[in-house]
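Presented sequentially are two complexes of chain A, the first with chain B as partner and the second with chain C.
For the complex of A and B:
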């Protein structure tokens, strides 16, 4: 019996611990260590710092420019998340319904190939495509449209377009997962009861996929709010975001201010994610 | 020899010792920081030649910008005072001033770097912290297809005919004309307001197309014709022009901004790393190496024993009168004021773009 109990403990505790242990160590320890370092730096404890001082927090939070940057960062991330979901949802629906293996391979390659390329390269690629003399403006300016050129870079438009392209795969993946989990019989039953294709989508497919939508939104928002390279390359100084401020203050060896801004960025991201997660659990937690 | 367990263990131990000793002998690793673009080939060439002559030395070259690299070096020394991220590298006077204040750089030993004696007296650094051996100049860079008559004045940046066609380097006071404009309008490194006001008003009036953060961005903006004119460095623009880009460099009549550059030895390296770093710096200060660097990167030598060849010396930007009227900046004060200026820049220029 003792042997059986020991084996039970081994299976119920040690095996899961060994399975998740390495990943936990890799993810949690650097994260917690970074948070501790940022926390102590933000209150003045860093090489050359003056010791405990909340002055940097007070200065940053009482500055209207700081709030402009915080709200711009969040607004930009919300817009990018919205467009990723808007574009990603139909893409995910189409991908899960593809019957042809060849078409599936082609479609998945097209959707996920951006992940194989550096974000710097992709951002510079968009710079060339969206510039005044770039591909898109040339197309719009050609006969019979004769439109433009429109300023599509060095403003929020260019940053949003590029970020939606870069982050789209992160929206599509969780959507595909949740759509694949839906039993086909539910849609068949709805159809048998006389529901139109739109009614099937609106009353069956979409509500059941909402947990995936929320997960996709969480991932895209977290990545968009902390994006650095794309706003730096395509923003032209016009797109004020917190990541850029953190980078500038690291460059200025303003460790305390950079730490405060990094923590604010984290708090903003975690705050929005918690709201989404709470909504997810309240709405769908009891049903699952 | 019989293949016994004892002999096998002996052979294994001998092999391990040989490999360990061999690796230890070849273990002197030097990390050198270099700039990108036209400033890159000569240091690479010198490092390869040094490694060929000294197989026991490995030189790892890291290319980047002072803005990105200096904070990393400072952070590495804060973490471990005896393990700097790089042993030596190429720095402008802005980063040199910051490093001097923060005790990041070490003085060069004149006996190890005798070529430092050939640096022009005006550019010899106090206590030999750094070997500032060459200089770039900042003036007006423009698209030659769009602007047929070369711009003549810093004030051309604010000419209404270039509205929306002017770009500036973000936060780069020596390279975006802020301090030069301040000085030309009654200000100084102690009083940036006259320059800041001009830039803030111009931003609000829509004069600026964008703020860029890399040389590549400026090149793309100028070549595409989206931007026609920008304040920037001769040493960056001329290689682009030589490569066929429709880009020109013009000397403002009020004077170009001088931008001295050179080597700094970073504190904290081992005695051997310090010795080798200084040896490479000394080789890099040899007349032929300096001349090679100046030709490749389109910069001016600041050495007593180096003169530009006749074809390069004809350039208007390097004529004695052009250099005599140049605007010299106090980089130490600029470094000290950087954070305050950045704050003003954010709130008065960037938000108004």
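For the complex of A and C:
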């Protein structure tokens, strides 16, 4: 009897503990601990800090400059998300319609292989394309156009173009998934009932793909709002977002301020995620 | 193009044109980096002033890039091994076992995906310093940080793969007298090989390319290659970086080809979104 009970405890506690334990111990606990330490730092408990003090929060949040930076981060992320969806949607539609294996391999490789390359490499590529004497300006400046040169780097335009490039694969992937899951019969039925291709798209395909659109928006927004390398390289220090500010304040040994900014960045990313997720659940919850 | 029900010809033509334009857009920065690595002009002037291989020589001989490459390989291999070692049993527990706190665990597991990389980097930096563990500026610190960033991806790939494996084979092995560990190693592991390879590649590549968290965890001796490249780009913009990037692009292509060959069609299908084309 006791032996059976011991075996039961063994099965229900020790086995899961042994399987889950290592990951929890060396990955998940450090993860939680680091966020706790971040919170503690932001309220004044850090080496050389004065102890409990909400001063840094108050100063940061009452400074109009901080809000400019917060809005820059959010504005950039919203614009990048918009373009990624605008471009990514027709691309996903085109990808699911490819029927030759060769074309599929080429298209998937070209769209997804940039994910294998460092963000530094890709941002550098855009620097080469967009700089004053770079490829694009020399193309536009040549006969017969004779345009420009346009200032495309060290401002938000360059940052947005490069970020759309870097984040587009993250938008396309969930869109393909959701488009492939749609039963072909639904569109066939709509066509048989006399719906025009336009009506089929707006009444069947598009509404059914909205959950994928929301997932794509979530991923792209979260990555864009916290982007660091691309705004640094293409913005040349002139495009200031929250990530940049955190980095600079750590350099200036402003621990408290950096912690506050990192937390605000976290709140912005998680906040938008929760809003979209709630919208997703409210609209599609009962169906999926 | 395969017409789908309810497609109009004009719409399919337009989709084709958009796809073509986007393929050019996606390839352009990569191609320009490769082209510029042979550009003899120091200031990235286009069209190229002449052909040279000097930048390759410079990229391969600069000590910070050599050291960075070695550090990146070490960090990539170690963090991949660590994350697979802790992630595989975790994924197995999530798929096969009922236990208390499972949904909490899965929630926490999403954390590293949601937290901005910069915030993650700073909070780990602070934790390393505050804990007095000496992890800051050490290879162990980088490996831990990378394993943390990768765990959600690795577990989700392995959970998906394990979900496809029929538990009956493992039960049969147990009935025939194999111990739990033996059954796992000899029956389950071989069946999730495609998942392990995809997850491992994903982990290695992410570790190898990581900047935004890593930059807070390193001291110059353990700087990884992308950090060195970022710092170089901050100072100089000559084509040395283009040459180095071209070499890395070639390397990552090679790595994927090798991975695909090992995983056979399993991961090709994974890449194509599960279509048996």
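One rule holds in what follows: the second predicted complex is superposed on the first by the 257 of 288 C-alpha atoms of A that agree within 3 Å, B and C clash if a C-alpha of one lies under 4 Å from a C-alpha of the other, contacts with A are read in each partner's own complex, and residues count from 1 in each chain.
Everything that follows uses one rule, which is that a contact is a pair of C-beta atoms (placed from the backbone, for glycine too) under 8 Å apart; a residue touches a chain by one contact, two chains touch by 3 or more.
Bear in mind that the values here come from a model prediction, so they are computed numbers and not experimental data.
Following the superposition defined at the top, how do chain B and chain C come out on chain A, clash or fit?
clash
Based on the superposed arrangement, let me know which partner A:116 touches: chain B (first), chain C (second), both, or neither?
A:116 sits against chain C, while chain B stays out of touch.
Tell me the contact category for A:131 with respect to chain B and chain C: first, second, both or neither.
both
In the overlay, answer first, second, both or neither for which of chain B and chain C A:195 touches.
second
Figure out whether A:250 sits in contact with chain B (first) or chain C (second), or with both, or with neither.
Touch status of A:250: both partners.
For A:259 in the superposed arrangement: first (chain B), second (chain C), both or neither?
So A:259 only meets chain C here.
More residues of chain A are touched by which chain, chain B or chain C?
Residues of chain A touched, chain B against chain C: more for C.
Tell me the contact category for A:233 with respect to chain B and chain C: first, second, both or neither.
The answer is both, since A:233 touches chain B and chain C.
Residue by residue on chain A, keep only those touching chain B in one complex and chain C in the other, then list them.
46-47, 124, 127-128, 131, 133-134, 232-233, 250.
Going by the contact rule at the top, pick out the chain A residues touching chain C in the complex.
The contact residues of chain A facing chain C are 12, 15-16, 18-20, 22-24, 26-28, 30-35, 37-38, 41, 46-47, 87, 90-91, 93-99, 101, 104, 106-108, 110-129, 131, 133-135, 138, 162, 165, 168, 173, 176-177, 180, 184, 187-188, 190-191, 195-198, 200-201, 204-205, 222, 225-226, 228-229, 232-233, 242-243, 246-247, 250, 255, 258-259, 262-263, 265-266, 269-270, 273.
Any idea which chain C residues touch chain A in the complex?
So the residues of chain C in touch with chain A come to 1-8, 11-12, 14-16, 18-19, 22-23, 25-30, 32-33, 36, 43-47, 82-83, 85-87, 89-90, 92-93, 97, 99, 105, 108-109, 111-112, 114-120, 122-127, 129-131, 144, 147-148, 151, 155, 180, 205, 208-209, 211-212, 215-216, 226, 229-230, 233-234, 237, 241-242, 245, 248-249, 252-253, 255-256, 271-275, 277.
Would you mind writing out the residues of chain B in touch with chain A in their complex?
67-68, 70-71, 74, 78, 98, 102, 168, 170-171, 209-213, 216-217, 220, 224-226, 338-339, 342, 346-347, 350-351, 353
Taking the touch rule as given, give the residues of chain A at its contact with chain B in the complex, in rising order.
Where chain A meets chain B, its residues are 46-48, 65, 68, 124, 127-128, 131-134, 154, 232-233, 236-238, 240, 248, 250-254.
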